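Labels run A, B, C, D, E, F, G and H following the written order; every chain starts at residue 1.
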Amino acid sequence: MIYEIRFHGRGGQGAVTAAELLVKAAVTEGKWGQSFPFFGAERRGAPVTAYARISEEKHFIHSPITEPNIVVVLDKKILDVVDVTDGLKEDGTLIINSSRSFPKESLKKFRTCIVDATKIAVSLGLSVAGWVIVNTAMLGAIIKAVPIVTIESVMNAIRNNWSGRIGAINAEAARRAYEEASFL
Amino acid sequence: MKRVAAISFPSKGVAGKTGVWRIRKPILDRQKCVKCLICWIYCPEGTILRKEDDSIEIDYEYCKGCGVCANECPARAIMMVEE
Amino acid sequence: MNIKDLDREEYILSGNSSCPGCPASLGFRLIGKAVGKNAIIVIPASCMTIIQGAYPNTALILPTLNIAFAASAAAASGISAALEIRGKNYPVIVYAGDGGTADIGLQALSGAAERNENITYICYDNEAYQNTGIQRSSATPYGAWTTTTLKGKQERKKDVPKIMASHNIPYVATASVAYPTDFIEKVKKAIKIKGFKYIHLHAPCPTGWRFPSEKTIEVGRLAVQTGVWILYEIENGILKLTGPSKNLLEKSARKPVREYLRAQGRFQYLSDEIVKNFCDDIEEKWNEIGMILNLQNHLSTT
Amino acid sequence: MIRVLTGNHSVAYAALLSNVEVISAYPITPQTQIVEKLAEFVETGQLKAKYVRVESEHSAMAVCIGASSAGARTFTATSSHGLLYMSEMVYWASAARLPIVMPVVCRTLGPPWNIWNEHTDFLLVRDYGWVQFFAESNQELLDTVVQAYRIAEDERVLLPVMVGLDAFTLSHISEPVDVPEMDLVKKFLPPRSNIPYVLDPSKPFTFGNLAYPSHHMALKFMHHTSMENVIKVVSEVDNEWNKIFGRSYGILDKFMFDDARVVILTIGSSAGDAKEAAKYLRKRGVDAGVLRLRLTNPFPAKEISNILSNVEAVAVVDRNLSPGNGGIILEKVRSSLYSSKNRPFIKGYLAGLGGKDITVKDYVKIFEKTLESYKKGDSGTEWFNLNLEVTNL
Amino acid sequence: MIRVLTGNHSVAYAALLSNVEVISAYPITPQTQIVEKLAEFVETGQLKAKYVRVESEHSAMAVCIGASSAGARTFTATSSHGLLYMSEMVYWASAARLPIVMPVVCRTLGPPWNIWNEHTDFLLVRDYGWVQFFAESNQELLDTVVQAYRIAEDERVLLPVMVGLDAFTLSHISEPVDVPEMDLVKKFLPPRSNIPYVLDPSKPFTFGNLAYPSHHMALKFMHHTSMENVIKVVSEVDNEWNKIFGRSYGILDKFMFDDARVVILTIGSSAGDAKEAAKYLRKRGVDAGVLRLRLTNPFPAKEISNILSNVEAVAVVDRNLSPGNGGIILEKVRSSLYSSKNRPFIKGYLAGLGGKDITVKDYVKIFEKTLESYKKGDSGTEWFNLNLEVTNL
Amino acid sequence: MNIKDLDREEYILSGNSSCPGCPASLGFRLIGKAVGKNAIIVIPASCMTIIQGAYPNTALILPTLNIAFAASAAAASGISAALEIRGKNYPVIVYAGDGGTADIGLQALSGAAERNENITYICYDNEAYQNTGIQRSSATPYGAWTTTTLKGKQERKKDVPKIMASHNIPYVATASVAYPTDFIEKVKKAIKIKGFKYIHLHAPCPTGWRFPSEKTIEVGRLAVQTGVWILYEIENGILKLTGPSKNLLEKSARKPVREYLRAQGRFQYLSDEIVKNFCDDIEEKWNEIGMILNLQNHLSTT
Amino acid sequence: MKRVAAISFPSKGVAGKTGVWRIRKPILDRQKCVKCLICWIYCPEGTILRKEDDSIEIDYEYCKGCGVCANECPARAIMMVEE
Amino acid sequence: MIYEIRFHGRGGQGAVTAAELLVKAAVTEGKWGQSFPFFGAERRGAPVTAYARISEEKHFIHSPITEPNIVVVLDKKILDVVDVTDGLKEDGTLIINSSRSFPKESLKKFRTCIVDATKIAVSLGLSVAGWVIVNTAMLGAIIKAVPIVTIESVMNAIRNNWSGRIGAINAEAARRAYEEASFL
């Protein structure tokens, strides 16, 4: 089984880092993984996309992900301008940062999991220059929705990435989101 | 006809509706505005629209919410509010 | 010149790919207001490449030639030659970053200046290779953090306007996006002069200099008010301070340089020693300018 | 130690492990991460090297030439326009016989501007007398860059080495990489020493003054001969690497090849997707295989012609274009097999130009199309996944 | 009017006759006479053109690109290091679809420095998307440069054209040249007009901004297609030239070819010596012939494979080197014939490198050696007249 | 410094390929006398390429790297980096023509200067591309005939020493082959300074300037005595006239410029107007220098 | 051993015996010579040989006959004569 | 019959021009011809070589002349440093500017013609900057030795090259040499 995950966020929210952390978590579990951004001009605030591909075994693929089985939306504003479900497998999972149940009607046909990552991040003080940093919280929600790796591995990967308090808070964000995320 | 060379024609929104990029939004208080056009000349996006009478309007479809207008308005007639 | 007198027309369209608070797109917008629609633009690789958006669309309404990084002054010379031989007379304007000007484009620039080509070369100086992600250029200031000078740049900022003035061209000026009328006046003047004109536009970049996007103008203004960036023009060899810089010859009239440095993340970790060197360099530059002005005075009265 | 690294950072780590002494490079997307990471290594003291922050690629290579002539192990990296801008010096480096190593992050050349993957830049310098490798994965990339110094400095070679990697689809993909221990690498690659010509006042000589025709031709022959030695040296070095680190790559990377009837021949990270396609088709009874060229220059013509003679149909997938002529690798493969008794059916594909993706599914299609064309005997080149709409005005 | 002109001056006269409007070039031996003569034409008012005396070749080509984008007929010329120094812009000119004409006086690349004839420089840019001719005589040179503008500006082509000539053995040889009347040339080549994209404020557009993969690939395809049109356009233009001036050259120059059993295939002025050798051998009963490629890019693969299929043995004489790989033209010829039913025996010769002379006698030897090798079936490449003494230390 | 104190050793061998009366080979000979044998030389394409003679022989006794035309300052930077990392400390000296300096090599030169590389860059200025047969360079003087400026060059000579001084490097100097001790002293001083040093050597070339071979020194001396070429040095920003130029600030002390022009074929057909412009430019340069000296005096006394 | 790179070693007369290039020949008048060494320092060829006692000698094998020495000698101790 | 002629002179004497003038003369007679220098660094005073190849019919050869049938020596000083007879065909002709019969013994085996071109040139005032310009005189001697073209054609070619007095004197030099040249 290869998990192919696409992240939608906005420049400044950390989608690329989220994808990479997921891979790092997978690697600590002896799995194989890749992450990569869609490379265009990533301006602050503009929609960005990132990818992760996680599998039990090493494989040779290097081409982009066109038919993900998991789509993660870090910012629901994205939903207005990007068709986030493009290519999403029919049995795929959608994970959205939102406080409302379905931010958009058309998403109903997918297995959808929501989490109020913004609230979690804000409550933990995770914001930089006006931007709420939701990426680590979203990682927790992903793991809840699809058990790609354990939440412990994710938290470890986060703590290895940022030492000290920052790491701790971000790991906590992931943990909370892991608990709070819910399917619809 | 076939376009052999890479020539491009002018078009608004080459990066899409850049209004979505905002996290804060400039709100104009017409009462306070003295029509000095400082916001107009400083807006990097050209999204402060200058009307015939030199009053201004904000083009939210493309305004990226940089906050320059609000920061520079001498009359403090523009406020940045969270989206 | 009053803001209200400026052209209402826009020559760069909204919704382009600049970062919020971008000084490069603002600079281009102001050029449009100075030259109107009858001009030809040359742009080398830089943030402006991205800002235009992608084929088959463009945000620019002026006829524009994108060109290789090192080639703008030469390509503009070619356009100018073609216009001359074909009996046309539009201003040809290069709009290039500091990297494309002070580094890889310098040779072509110097050559065109020596040949006194009839072009106006405008460098928007955001003090690093911003388009590729904030690497140092020779125009990066001493002490500034970039991704290739993690502990701050060791060398001084290359003084390109001075180098260009040493080419004995008819017009050299500095400007700042924080002073649009001053800049526009200079561009308007430049395009009327025959021969090679060089304008160096200070362009504070929120992304690369690490300040919030709403501060672009504020940081630009601070650069001028602290005397870090000096507004002047050199017309046929005669130097003149312009705009607010006119009143800043006295050090006491200038704001403390620290105010400028503090406003930017890239200068976050400067040691006191480096700040001192930084300030000394600025003092020296002002002294040099003071001397030149004195001399000019002296000469014109004798 | 296993790290999750981008291709670019794998390159930077390789330079670190190789203890390069002089680095000079100029930033260009998508190579910048290499430059930046190395700046970090140097500024934090992890790598004791001089880092010369030049004003252009022409100067970057000139710095390397100067430094290498004076005996230092040198490194640079570039891409597309940077490679063309320095091309005079690229030629110079090899004709001067200097063991410089340069990764090239392959990117489409403009105009119009384009930052994505294409191999034309890399292949435009294939006749410049450099040894050229092209990597498939980040692990191979790191290993190859270190190996490159051993090969470059081998006295039977004494030539610069270029290592190609795909823009974004390798340079910006993070994947697990086993970063070897410095001590082991030092054993494999001792400090540079054995070069018979280093500028030094103790034995003054002049490097590269005018040479008359006969002399020049003789020097060219020496160059050619050293290039011919490369095939052997690469194998030796790779074997030694294998002994120490347990990994090896060879000159040609054969995948499900030995009994294959239809083979995709290509280079770079995308070969991996072709391998997945072959796996997929094997399950469906198609004898598909992949031949990836790891060493692309000197072109292993003999090796290729030896092993391809037994294949029925070969699809050469070129992510490059010589306008009016087609794919560059196709031409080289055909030429290699010209004198073979058994010549396979060869079909060319121009794919992924301008950075267009080539997916596993695409490779499945290419295998299938090739078998079809083979039946029909249609050996023309096909533009794969071409979309012409945009050119209508 | 018959004048005794050097190759370089023939080029300058051709530019004069073509009424070029913008000239920009940078001096380099052995091209300087072109630059100097044109400066004379312009300064004496014989040619109404702007002459831009740039500071480097990169800028020379950039000036041409700017001028051509703004509608002017433009000219430059260079050689060896100049060609490499401008290579970024050489690629640019073709991808931007600009009808610039550039003679290249082919010279050996350094180091070590060498100013004599070799074709490596010219062939290193063969994949840059330019149309490339290579001339044998001064007359052909003049005629080809004028024809080049017609071809370049043809709306089915819209591409830059390069015309190669040999350093010294053509550039500095004076021979009789029939310089056509300006009025007749004007009829053949009216002022440049029909380009569908010229920078002008009346219809603003942007030239060459960023293009995404799919778009970029489509533009590449357009370029490729235009290159494919070249073969046809060249023939048309050459025929028309023939009607007006009574001279024509074709794409391939066949000499004593039709019944030849053994053929020398080469390019440039030296092909003339091969012809003399063929004449000599014919008298001695050997069915020798010569095939000279006049159009070298797009490589006339189909045309070559058509006519070579009936020959028994072909000697490809390369005055160029891809170190480790051999002769570049050999590779292209082999590839062209890969799918032919009847494939001739092909032997490669590396000759004249670094400017070494190749005489008529040498060609006689090459014919003879080829027949011998043919008998033995020895198709390896031979280094012709190599002298290795100097490399002994 | 006295001629008799100079090194007896030669570092360029007789019987090389220079033209009779060549200033480039003379300049090299003098450098040898200044630096001795422990130096590394970098030479771009130029007359010096030919002068060395052909492989496998060379006329140069100092270790020398021949390098591409545009690359000398960068190649020297690389050598300097390698020496530093390998703990060696020889002067690295570029010896380049005016074309390789003011034109195609300018960018690398400017870059190396900005980085303040530890090299000494010496430009021998024979005021044209002599090696390729006398084409104009940007250092060709106004009015001079070359094979690409048959009616005389229209533009002014690029003032490279001034441009280099605008780079704020520790040492800039001009020199002339006609004043060997002045030149040798400057080279000796330069190689002792750490950082980037630039010396611009006036090198009258009989072949290109069209004067008899015995006049090389005479023409060089006339250039200085008429004030056309000014000998100075700028050490850490402080300008000083040197040698005979010290006494030429007063115009009356200088020989008539026409004497210099008349001695050379390349200035044969100058119109009076062009001669006047030529003289005016020189006046202007002296005025500029006079001003700077005044100011420096003023500053040092206050 | 094979020489792989283009390295050249110092050698006199890389252009041959350049003495043949002369059309005029410098002749020293030892009587007049004051040993100032001006000719020595100015000779572009290094063919004014400086002896231990600072007297000079001319190396006719390589002297190209440029005439600089004669032109510069303050004592007029060198004369150029037709070959 | 192809005449292959090699000129030996010194930089400044006009050997290259002589070769070209010979071709121009041939062309006016409807013949075919080529001339070219040996390209190295031609310093003033240094030995230089130039070539001319003249034939009735057009041919295709462009390679240098290695086995000339005529060798012309403009300056007998050359004889000391260059083997001027290198490659000269056994039945070839040697034309030397000299006042003495055989300036070098070893030349005796060739058909040798001498002319005192220097004297002729000096007497006509043909000298520039210390250099006696002997090239046009030598042309006359060549034609005398081997009738490649007529002396009239040579004189015309000279007059077409330099207008006015210069042309006339040079043509006269050729004519006198034509008359004075003599075989040994």
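In the analysis below, a residue touches a chain if its C-beta (ideal position, glycine included) is under 8 Å from a C-beta of that chain, and two chains touch if they have at least 3 such contacts.
What you see is a predicted model, and the numbers here were worked out from it, not measured in a lab.
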Neighbours of chain G that also touch chain C are D, E, F
If you tally contacting C-beta pairs, which pair wins, C-D or B-C?
B-C
Averaging C-alpha coordinates per chain, one finds the centres of chain D and chain G separated by a number of Å equal to 54
Distance from the CA centroid of chain B to that of chain G, rounded to the nearest Å?
77
Could you work out how far the Cα centre of chain B sits from that of chain H, in whole Å?
81
In whole angstrom, what separates the CA-based centres of chain F and chain H?
41
Quick one: which residues in chain A touch 2 or more of the other chains?
43-46, 130
Would you please write down the residue numbers of chain B that are in contact with two or more other chains?
1-4, 6-10, 15-18, 21-22, 64-65
Which residues does chain C have that touch at least 2 chains other than itself?
17-18, 20, 49-50, 52-56, 58, 60-61, 66, 68, 70, 103-104, 106-107, 110-111, 114-115, 138, 212-213
Which pairs of chains touch, using the document's own definition
A-B, A-C, A-D, B-C, B-D, B-E, C-D, C-E, C-F, D-E, D-F, D-G, E-F, E-G, E-H, F-G, F-H, G-H
Could you please specify the touching residues of chain F with respect to chain H in the complex?
17-20, 50, 207, 212-213
Touching residues of chain F toward chain D in the complex: what are they?
37-40, 42, 49-50, 52-56, 58, 60-68, 70-86, 90, 107-108, 110-111, 114-115, 117
Quick one: in the complex, what on chain D touches chain A?
2, 4, 30, 115-116, 136-137, 166, 168-170, 172-176, 269-273, 275-276, 357-360
Can you check the complex and tell me which residues of chain E touch chain B?
95-97, 158, 196-197, 204-209, 211, 219, 222-223, 226
Per the contact definition, I'd like the list of chain F residues that touch chain C in the complex.
70, 103-104, 106-107, 110-111, 114-116, 138, 155-156, 158-159, 162-163, 165-168, 291, 294-295, 299
